[in-house]
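Shared between the two complexes below is chain A, which has chain B as its partner in the first and chain C in the second.
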Partner chain A sequence: MRVYEVFLKPDGKEEFRHAGSIEAATDELALVLARENYARRAEGTHMWLVNRENICVSEEGFIDSNLDKPHRHNDGERVARWRKLQRNKKNNE
Partner chain B sequence: MNRSWDSLETFENFLDSGGIVEPVDEMPTEYRQAVFDFIEMHANSELMGGLTERDWIPRAPGLRHKMSVIAKTQDEIGHAHLLYMVAADLQIKTRQEMMRDLFAGKSKFHNVFHYRAKTWGDQVAIAFLVDAAALVSQQAVFKNCSYGPYKRILKRIIAEEGFHLRFGEESVLRIAEGTQIQRSMFQSSINDWWWPALQLFGPDSKPNDLLLRWHIKSERNEVLRDRWIQKFVPLLQGYGFTIPDPDLRWNKEENRWEIGPIDWEPLKRTLAMGGPDSARRISEASESWEKSSWVREALEKVAT
Partner chain C sequence: MNDSVLTPPVKEYLLAFADDEHLMGQQHTEWIGVAPFLEEDMAFASIGQDELGHALMLYTLILECPSGIDTYVFNRKSEEWRSCQLVESTHRRWEEALIRHWCYDMAEDLRWELFSDSSLPELISISERALKEETYHRRHAEALVENLLMVPDSKLRLMNALEVVVPQVLGLFSPIPGEEEAISCGVVSGKYSDLLPIWRTRLEERFGVLDSGLFIQADNENRTQRHSDFDYLFGRIREVFLLDPKAVW
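Then we have the complex of A and B:
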């Protein structure tokens, strides 16, 4: 038996979302079982199944390294301060 | 991911600050076991509930009800399916081991499924009172559950229980509008099921309840029980039925219903697999599992 992760997506702008998992003997049976267990009331229009064995999982901390890269998030503060200064100057004239 | 905690204390601090635990985390053994036991019992109850439901497919009054019962059966078996997946991922027992223990009477399921549903009235009482009691407690778990996969799957289960509840209330309404014979049949179902449904919440929570402490449950048993009582006393009375509790009274000052003392002996008996219908239920469930073994064997063959 294989374990599959089930992803559903409603039509439109929503992204695929993880719904849960299912155990099945083959891909074909997994699709049927996933439909019967996760989409009985039209919970989506598209369904992806991924065999759990084929999922690449990052190790602990692998993406945490990006926490200390504030330069990737320019908060625009310096420019905002300058603009405010300019506005104040103008108002005072 | 793959987080670990150096002591139970730091783990509890994590939980208290709203932390959500995922299956890959190195959670404390006691927590893993507590979550597992809780989900296993829930899964067992869905399966046992689904099997009772199934018994009523051929006996439901009319095609409309029959279709609703089929849908409900599929929902309950589906809930069991999803919950057994979540439980198995905790790597304490496999799904096969959970089935084995259920049929051996070694693992628990809700008290209400240790009683026999003898009439359509009983089945409606279950759909109305029992599904509601289950829903009240599931909502409270969902609200604040610290175990991620359980919380997420409960969202789906709760949505579907809502349909069962509406089906239950619609069926109550149909009976209430029916003949005197139908109404008295349902009154005797209420008499039989009121107390078991109320006992489903269990006795008052102990002050040191680990399920509460670890945010697996978020509300005390007595709070949930009372919420159900306050809702269902007026509902049943509104449909013209009475509550089988001679001590039931309306407290004017506090604006709430007060019930008489609860006898916990029946609940204890069901937990020890000694309920009125425990043995038959378990053997029937195990029989239906055996009967379908050829399907699983065929699937195993395709899988390898």
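Then we have the complex of A and C:
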């Protein structure tokens, strides 16, 4: 048996989103079962199934190091404050 | 608009299809929670709900009064049903339920296609919608059967199930009350029983040539006679309704 991750794309410009997973013996069985389990109520217009074995998974801690780098975090607040100040100055002139 | 075509015999003819779809849907949904694995339990019940949807469309057309459908379906006497024994019988073995699903859905698209040029425009659109769903029902049945046939024990079970189910399928194809009238006024393009050879070809291409004894049509063909399991099934259908028949849903 294989485990597949199920992705559904709602209508329009929405992106594919993870909907869940399904266990099946073949690609075709996975497709027909995923259709009834995840898409029977018009949850999407397109469906992707990805065999879990084909997903590259990063090891534990691989992306944790970003947590303690505050200099990389910018919420844009200071720039916004400065631009607002400039705008007000210009309006007052 | 349809008064001229929707005569009592034509309604009885369409009722046979509606009742088959209704009971087939009910039978499939009975597997919710007890099918062999979770994914299939959901899928099988979902397919059953599609069949219930087809039945609803046909009942709506026949009754011309959507609000009266529940009362009509839940209060009808058993002799007024026109379902075939294939969909009335209880199959508690999973392999028999699966083989019935395969057999029924390999026969259902042939039945809908008879309406593709119907003199009733509603039937054309109902059949188009049903045929879209049936494509996936057949793929589901095929995918399961194809894989199970590769496992010796499973194959044995499926082949044994065929011996039980195939004779019942003949009843599905047996003459339908009102069929001649429906053909003569253009509601349907031909006799369903004429399509039995196509179904048999599909069957034997999938499972190999079967014992010809399975294809001997019984004399006392059903549709006016209920299978002995019908009362149990009808009881299940009415279980909630009978708690309070006057309730507004």
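Note that the second predicted complex is superposed on the first by the 66 of 93 C-alpha atoms of A that agree within 3 Å, B and C clash if a C-alpha of one lies under 4 Å from a C-alpha of the other, contacts with A are read in each partner's own complex, and residues count from 1 in each chain.
Note that in this section a residue touches a chain if its C-beta (ideal position, glycine included) is under 8 Å from a C-beta of that chain, and two chains touch if they have at least 3 such contacts.
Keep in mind that this is a model prediction, so the values were computed, not measured.
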item	value
Overlay on chain A: chain C relative to chain B, clash or fit	clash
First, second, both or neither for A:53, with chain B first and chain C second	neither
Partner chain in contact with A:11 - chain B first, chain C second, else both or neither	neither
Partner chain(s) touched by A:40 [first = chain B, second = chain C, both, neither]	both
First (chain B), second (chain C), both or neither touched by A:93	neither
Which of chain B and chain C A:64 touches, first, second, both or neither	neither
First (chain B), second (chain C), both or neither touched by A:32	second
First, second, both or neither for A:23, with chain B first and chain C second	both
Chain B versus chain C as contact partner of A:2, first or second or both or neither	first
Chain A residues touched by each partner, larger count belonging to chain B or chain C	B
Stretch in clash, chain B with chain C, out of 60-68, 132-140, 222-230 or 276-284	60-68
Residues of chain A at both interfaces, chain B in one complex, chain C in the other	22-26, 29, 36-37, 40
List of chain B residues in touch with chain A within their complex	1-3, 24, 71, 74-75, 78, 81-82, 85-86, 89, 95, 149, 152-153, 156, 160, 299-300, 302-303
Partner chain A, residues of chain C touching it in the complex	37, 39-40, 42-43, 46-47, 49, 136, 139-140, 143-144, 147
Touch list for chain A against partner chain C, complex	22-26, 28-29, 31-33, 35-37, 40
List of chain A residues in touch with chain B within their complex	1-3, 18-26, 29, 36-38, 40-41, 57-60
